Amino acid sequence: MALRVEDLRVHYRTMRGDVRALDGVSFELEDGEIMGLAGESGCGKTTLGKSLIRLDERMRHVGGTAVLDALELPIGDDRAMNRRRYTDVSIIPQYSMSALNPTRKIGKLTADLLRAKGRSYRQLRPELVRRLELVGLSEKVLDNYPIELSGGMKQRVVMVLSTLLDPSLLIADEVTSALDVSNQKAVAETLVRFRDLGFVKSMIVVTHDLSLVYQIADTIMIMYAGQVVEKAPAETIVGSPRHPYTQALIGALPEVGLEYGDKRLKSIPGRPPQLLNPPSGCRFRERCPLADRRCAEDPPVVRIADDHVASCWKVTN
Amino acid sequence: MTAGITPDAEVIGERGEHLYFALRNPKVVIGLTVVTALLLLGVFGPFFVSADPNEYIGPKSTAPSGEYWLGTTYFGQDVFAQFVHGLRSSYVVGGLGGGIAFVIGLSVGFTAGYRGGIVDELLNMLTNVVLVLPALAVLIVISSYLEVRGVIAQGIIIGLFSWPWVARAVRAQSLTLRNRDYVDLARLTGKRAPQIILKEIMPNMASYLLMTVILLFGGAILFAAMLDFIGLGPTDAVSLGTMMQQSMAWSSLHLGLWWWFVPPGMAITAIVGSLYITNVGLDEVFNPKLREM
Amino acid sequence: MGRYFRRKLLLYGITFFIAVTINFAIPRLMPGDPVSRMLSRHSVANPESSQALRTYFENLFGFDVPLWQQYLNYWTALLQGDLGVSIYAFPASVSSVVMDALPYTLALLLPSIILSWFVGNGLGAMAARNKWLDNTLLPIGYLFTAVPYMWLAILLAWLGGIILGWFPVAAGYSLALTPTLSWTFVLNLIHHWFLPFLSLFVVALGGWAIGMRNLVIYELESDYSNYLRSLGAPQRLVRRYAFRNAMLPQISGLALQLGVVVGGALVTEVVFAYPGLGSLMLNAINSQDFFLLQGILLFIVIGVLVFNFLADVVYVLVDPRTRLGLEGGQS
């Protein structure tokens, strides 16, 4: 088991009180697993990604644990967390295009970073060059400033740099959203290749693009309003989802190979509840076609199969 | 997706929210209080003192007292009377100079940013030229040729030379806004450029523009004070700058008439400083990131 | 890089051209006749000599030929370094009068600009990491930037010159001394120089400190800083990068602030009766010496342009983006 997250609670502090961005999130990630993490904007998927590597100033760790490789991640303790960052947990940020210091050559930047982490740039350089070549970049980029590279090249540099120390867990946060379609595919395939080559053990791919993550992910986890609603193998989520929210989300996707005219795209009516004082019970019930009185109580986590869980009153094994 | 959790907008409207935070931000409150208090003094003060601030009304060179709150000048003029009249001039120049600079800067910046191409090149060049010109020196030369100088004329020429900062900033902003979806949408639905700028782009820059106006206002007051001090102030009125000029000209330093030169400078510092502080506060209001938790 | 400099030089060329044209146009566009105003200053009673003087001035302005030719003549004279004759310091030429005053102004400007830039940036960077310092420095900084130059100068003259009596409050050196290269004279110069310098230094300081503080904070919140922190880089490294990058806009800010600081120097000199361009300008205004006034303006414009260009060169040396970016990256 690479990662076990239990009842994780992370709040955003605002002037009006705490926003419960993560409200009791539990899941497991196997060694070698690539998990897609999807949901609407504001469902907490980015917060979850950040919580596992670095909380920003406004986030507060309220409760719950995350254990990586049998060692608990000190989520709330920025200093202690520094020791686990990069070596154990790493991230490919959403903003790869601007993630590199614009006034430092890429080789120098890498050297600075490695030295700060107590590693030797000279020793790691051959491996760095090998990996750059693997993603189609020449050694010369180390002598370039970021501005001399195209967007796609910068993205690949960041991917190589982030995984250079072979972390156990890699968080890829909306890595494809800024790219065009052909680059999206290449990036997605590179992520799989990095896993296959053992550069990273397991991976959480945060995305709003279900159809893309379906192509590379082993499992998909769906979040809604700060909670996990369903997690299952990718085919199961797309082929036979059980939670009404997942079903609605899949229903909203254009099906590959189908004309738009054949099947109307259904958007989900209504909007997610606000998380300042979330309602008790199932959070989707206001928008759920199946909701009844029982849904006012917190739904149970139903284990449909070994690798398939959903939180809903209407789901039975 | 960005941080994603934005409950604020749902609870209270955005505008209401800004007002809510502005009225609770100590920097904004203190800054605006000082500026307003001095403004009121400048607007209403002159009605309670003699109409002619240069009138010789009392004993010469007396220190502040119950009768003459800020003492009298070397010639026996009431410093307080000059002070309130001077405040009024300063606010007029600030408002006029700042206002003109704002309008020019806004038009140039928006046109350049929105039109692009050769229009942008030319306007950008013009902006940079005026930006590089040492404004005060140019203003001094122009003013020195004017035989009759008034507060209004001064405000206008100051406005004519202090717009480039606005134009540059507005241009940069509208360049980024130009390509946003809602602007494209407006363009597709056949709205015309001025309409798009007024209805779609301006509201998105409102907070930014407000802060620009504040800075221009303060800048114009400082400019006017410097011109006045060189002796190019209004020939028909008293200003805070001319007070300082007169006090220097009649060696108040050596005579120890500190009440003559301290109040005008302090008032300018207070006005401009408060405007800056207000701006910092407004920045915190508009950028939730900067709000203290 | 070549393109960058070509553009900048074109900009400065155009600015110079426009400044000269403004200089040419102002006396001709303004209401009133500059010649008769100059004559009235000289208060010549005798109509005959008045007429002679009028012809002389009109020749100086070159009013006797068509406008386009006046303009050409103006440029020709200018390019030969001929800015006309000063009325105030008659019969000295404008260029020589300006050249006499220039060293004093430069002696005030250069040290105060450079020192305030370094000290201000240092303070600002410190404020960005220290909450306590930030809370004290920020209000003081804003206060300094809001102070009118001449008022601070007056206060310093009052405090240091009158109340404490430590410094002289007028002139560039004691008039009892003859300018020689002796220790006495140099010390005397410095003694007179100190207060006006301090005044300019202090006003500029606040702006740099605030600017640097804001820039460092902005850089610390930028994407590359967040990425480094996410990879567990120590705060030290993140700060070092942020500081370096925040310096860059401050360099171009140095050039842009120059016009303002020059204006400040002019009024500060007036307060201290310091014999630089500011005091000269005041004398020119008071004696309606428009040739001198315009000559000073031209010198200031040229100085500002040269300084701007120097700042551009420095900027290119320190920022790889200007070196590379404008040539177009590979992609």
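Going in written order, the chains are labelled A, B and C, and every chain counts its residues from 1.
The rule we apply is simple: a residue touches a chain if its C-beta (ideal position, glycine included) is under 8 Å from a C-beta of that chain, and two chains touch if they have at least 3 such contacts.
Since the structure is predicted, the reported quantities are computational estimates derived from the model, not experimental observations.
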| item | value |
| --- | --- |
| Remotest chain, subunit C as reference, centres from CA atoms | A |
| Chain closest to the middle, measuring from C-alpha centroids that were averaged per chain | B |
| Between A-C and B-C, the pair with more C-beta contacts | B-C |
| Subunit A-subunit B separation of Cα centroids, rounded to whole Å | 48 |
| Averaged-CA centre spacing for the pair subunit C and subunit B, given as whole angstrom | 22 |
| For subunit A paired with subunit C, centre-to-centre distance based on mean C-alpha positions, whole Å | 54 |
| Residues within subunit A bordering two or more other chains | 56 |
| List of subunit A residues in touch with subunit C within their complex | 53-54, 56, 81-87, 90-91, 93, 95, 98-105, 112-113, 116-117, 145, 147-151, 153, 158, 162 |
| Subunit A-touching residues of subunit C, taken from the complex the two chains share | 222-224, 226-234, 236-237, 241, 244-245, 248, 319-321, 324-325, 329-331 |
| Contacting residues of subunit B [partner subunit C, same complex] | 125, 128-129, 131-138, 140-142, 144-147, 218, 222, 225-226, 229-232, 241, 244, 248, 253-254, 256, 258, 261-262, 264-266, 268-273, 275-277, 280, 289 |
| Residue ranges of subunit C touching subunit B (in the complex, touch as defined) | 11-12, 14-15, 18-19, 22-23, 26-27, 30-32, 34, 37, 138-139, 142-143, 145-152, 154-155, 157-158, 161-162, 169, 221, 256, 258-260, 262-264, 266-267, 270-271, 281-282, 284-286, 290, 293-294, 296-297, 300-301, 304-305, 308 |
